[in-house]
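Same chain, two partners: chain A is paired with chain B first, then with chain C.
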Partner chain A sequence: MTNDEIKERIKAFICQFIQNVDIPDDEDLFASGLVNSLFAMQLVLHIEKEFQLKVANDDLDYENFKSINAITDFIGQKDLNSETK
Partner chain B sequence: MDLGLTPEQIKSRKRFSDFVDEYIAPVADQNDRDEETPVELIKKLGEQGFLGAFIPEEYGGKGMDMVTAGLLCEEIGRGSASLLSLLTINGMVSQAILKWGTRAQKEHWLPGLATAEKVAAFGVTEPDIGSDAKSVETTAELSGNSYILNGRKKWISYGQVADLFLILAQCDGKPTTFLIERDTPGFSTTPITGLLGFRSAMLAEVQIEGCRVPEENLVGRPGFGFSHVTNVALDHGRYCVGWGCLGLAEACLQASLSYTSERKQFGTNLRGHQLIQEMIADMITNIKATRLLCYHAAYLKETGDPGMIMETSIMKYFASRMVNKIANDAVQIHGAHGCGSEYSVQRYLRDAKIMEIIEGSNQMQQIIIAKSGYMNFRLEKRKK
Partner chain C sequence: MSSEEERKIKCVVWDLDDTLWDGVLMEHDPCLLKSGVVDTIKELDDRGILQSIASKNEESSATEKLKSYGLSDYFLYPMINFDSKSSSIKKITTLLNIGTDAIAFIDDQPFERDEVSFSLPEVLCIDSDYIHELLEMPEMNPRFITDDSSKRRHLYLTDIKRNRVEESFTGTKEEFLASLHMNFTILPATELDLQRAEELTVRTNQLNTTGYTYSYDELKGFCQSEKHKLLVSSLEDKYGTYGTIGLSLIELNGNIWTIKLLLMSCRVMSRGVGNIMISYIRNEARDKGVRLMAEFVENDRNRMMYMTYKFAHFKEYKKEEELVILENDLTKSLPFPNYAKVEFT
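After this line comes the complex of A and B, so read on.
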């Protein structure tokens, strides 16, 4: 899956949770208070189901989840790792 | 669409139900009066593998499917809401470890929790912090390769007997979760007695005074203790409580059907009076509606659907409200007998009230359910 495809899917998911549809790809979702505390786990579940990945202990890094770009890179990287395994 | 149980699930339910009828229901009122769960009963639940219902087989659990595990919560809830909370709390801690623990933590803790060799407790609430859980005041400071924890936790179910506590604390101002063992120096518990409900759930206040906790006992990462670790536990808690309310409601209904078939007033059984029938009809209908919500939440959980978090919240909210109405009516139907100690319905009513407060009070559920309603509304409008 290309990064653009990943980003589109992530954007479609995140857009459900926020008022502003045109949120910049690098905007910090959590710092800007755009999402509530349940969103964090909903996002994890979404990533796991949609991209068939497991998000675990080692992945708990704010840098992996903070923006649309960060999430896209995180999934791209995980995807790559699972392919090369 | 098939909403029926599989033959396997029907068999499991019968096994759970027989166990509850033999070992739990007959002693539940006495345990409630004694404000105690006998250790042997906890061990029995462990032997049956019930405490490992949600733990995968590779870690010594039963790895039940979500419906079967739900049926177990329902049956235990029918027998004793206090005892259900043992299952709930152990499940919450084990789910948090399962999802966010390291491989070593899973291997070290889960097999013991699955068999009741170790009992777990969940420590979020404090004397001054309840619903606003992410703001807990317990602190954790890194010192060498351990953390030093200080603080107090209150209303901790099975805190009197638990061996292992999952504790939410602030580490440099970031919510973080730790596993603390009872025998850690500086750790102590004080029983809380005289509760309205869940009287045999052996609640305690927990004092954490300079407890040194090894780095390996950090669950997840600093900053993720509330959003990820606690939320996994709470979601699981709501799932168990929702099903448990269903069981408690069923107990109220069965008690009411039985009592109204025997008690006579104005020359006829109570069941012959239409105002009584109204209450019975509402019980039956509300129980069926709750069951469908439970099945739906089970389906979403089984498939890992992100929608499960909201649906589980809705199910717990509906189930806990429903069981309060039903338990209230059950006492009404029993009249003075319902207020006395010969019948269990007064315990059912007291326990039902607790269900509206734990795992995120119903006001907290209302807030998130309404918010998600507005979210969907906005989404639909955008689509048009």
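After this line comes the complex of A and C, so read on.
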């Protein structure tokens, strides 16, 4: 899966939650007050399901989920790890 | 105390034919209610135990019958269909957001009880011959009956109404939450809150960071102690109150504050208010110039709370077997959500 594909899927999910559809890819979703803790949890569960991966306790880091770019990198990284296994 | 003795039932699921009433509705009406069953239903309701139905019947006629007896409002999410009773019970637990081990199922048919026991061994199955002993069972006797417990069914009925509105709402989740006009209040616990506080520690497994339970007297001690803060939170919106839905115990030890317990009622899980209490505590800790730690003990259901901590800028500090200690990075900001009004003193 390319990064652009991942990004599109993530954006499609986020749009169900917030009105502002033009969020910059590097904007901190949480600091801006755009989204909340409930969103964070649903995002993690969604990523696990949609991308068929397991988010371990150690992965549950703000830095991995704070922006569209961060999420995309995180998923790309996970993907890579599972491929090299 | 063994876990069996501690077990408390949160929802009683009734069969109808030959259990709630005598006879089989589809074969010969009128079916008369079993003697004493109305009193039992009302008493369970007063104790804050929810009730539902798993009956193999024709839905409209059974609903009509319950209405004619003035009982239909007592049952949340009644499952009147021809599915297996275990699948009906599973649906009820999902809709009420409670565990199967908090369910009691009453049926006159050994086959139905066995089917439920087989698929859902945690469910307490009761032969309908013993209905008259139901109220005496320790599982049906909560330690306290609080204001919130006797209103519990109504709180759920209001929730059902809200959820219907939410299902037909066409905007985003955020717009829906804003449309509720929520008001979140945080207050130091007083003696009046302690029964409900104890009830919350016993009842809440999912949205609970450590699972520590405290007795009434211990909680009372924390209220008076200068080394502790015991906070309760409540929520209301335009449809009414959710009651006291959150509790937090903080141990104040010099320049270190430790959140020993943070919990929230499952009923507010989808309201996006999980961070408000943490935000508030972070602000207080920052004002006082102390470090903010939190304890976390994982169980098989509280992963949500771990996520809540992690997304509220807590990081693992150290691990002592089951116990994880986290420390907050207070330099990061965590604003209150803009769809809820937050009040505190």
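The criterion applied here is as follows: the second predicted complex is superposed on the first by the 85 of 85 C-alpha atoms of A that agree within 3 Å, B and C clash if a C-alpha of one lies under 4 Å from a C-alpha of the other, contacts with A are read in each partner's own complex, and residues count from 1 in each chain.
Note that in this section a contact is a pair of C-beta atoms (placed from the backbone, for glycine too) under 8 Å apart; a residue touches a chain by one contact, two chains touch by 3 or more.
Small disclaimer: the values here were computed from a predicted structure and weren't measured.
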item	value
Chain B versus chain C as contact partner of A:K49, first or second or both or neither	first
Which of chain B and chain C A:A12 touches, first, second, both or neither	neither
Touching partner for A:A31 - first (chain B), second (chain C), both, neither	second
Which superposed partner A:Y62 touches (first chain B, second chain C, both, neither)	both
Which of chain B and chain C A:M1 touches, first, second, both or neither	neither
First (chain B), second (chain C), both or neither touched by A:M41	both
Shared chain A surface residues [contacts with chain B and with chain C]	15-17, 19, 36-38, 40-41, 44, 57, 60-62
Interface residues, chain A side, partner chain C - complex	15-19, 30-31, 33-41, 44, 57, 60-62, 65
Contacting residues of chain A [partner chain B, same complex]	13, 15-17, 19, 21, 36-38, 40-46, 48-49, 56-57, 60-62
Interfacial residue positions of chain C with respect to chain A in the complex	171-175, 269-275, 304, 306-308, 310-313, 315, 332-338
Chain B to chain A touching residues, read off their complex	99-102, 134, 220-221, 223-224, 226-228, 231-232, 235, 303-306, 308-310, 368, 371, 375, 378-379, 382
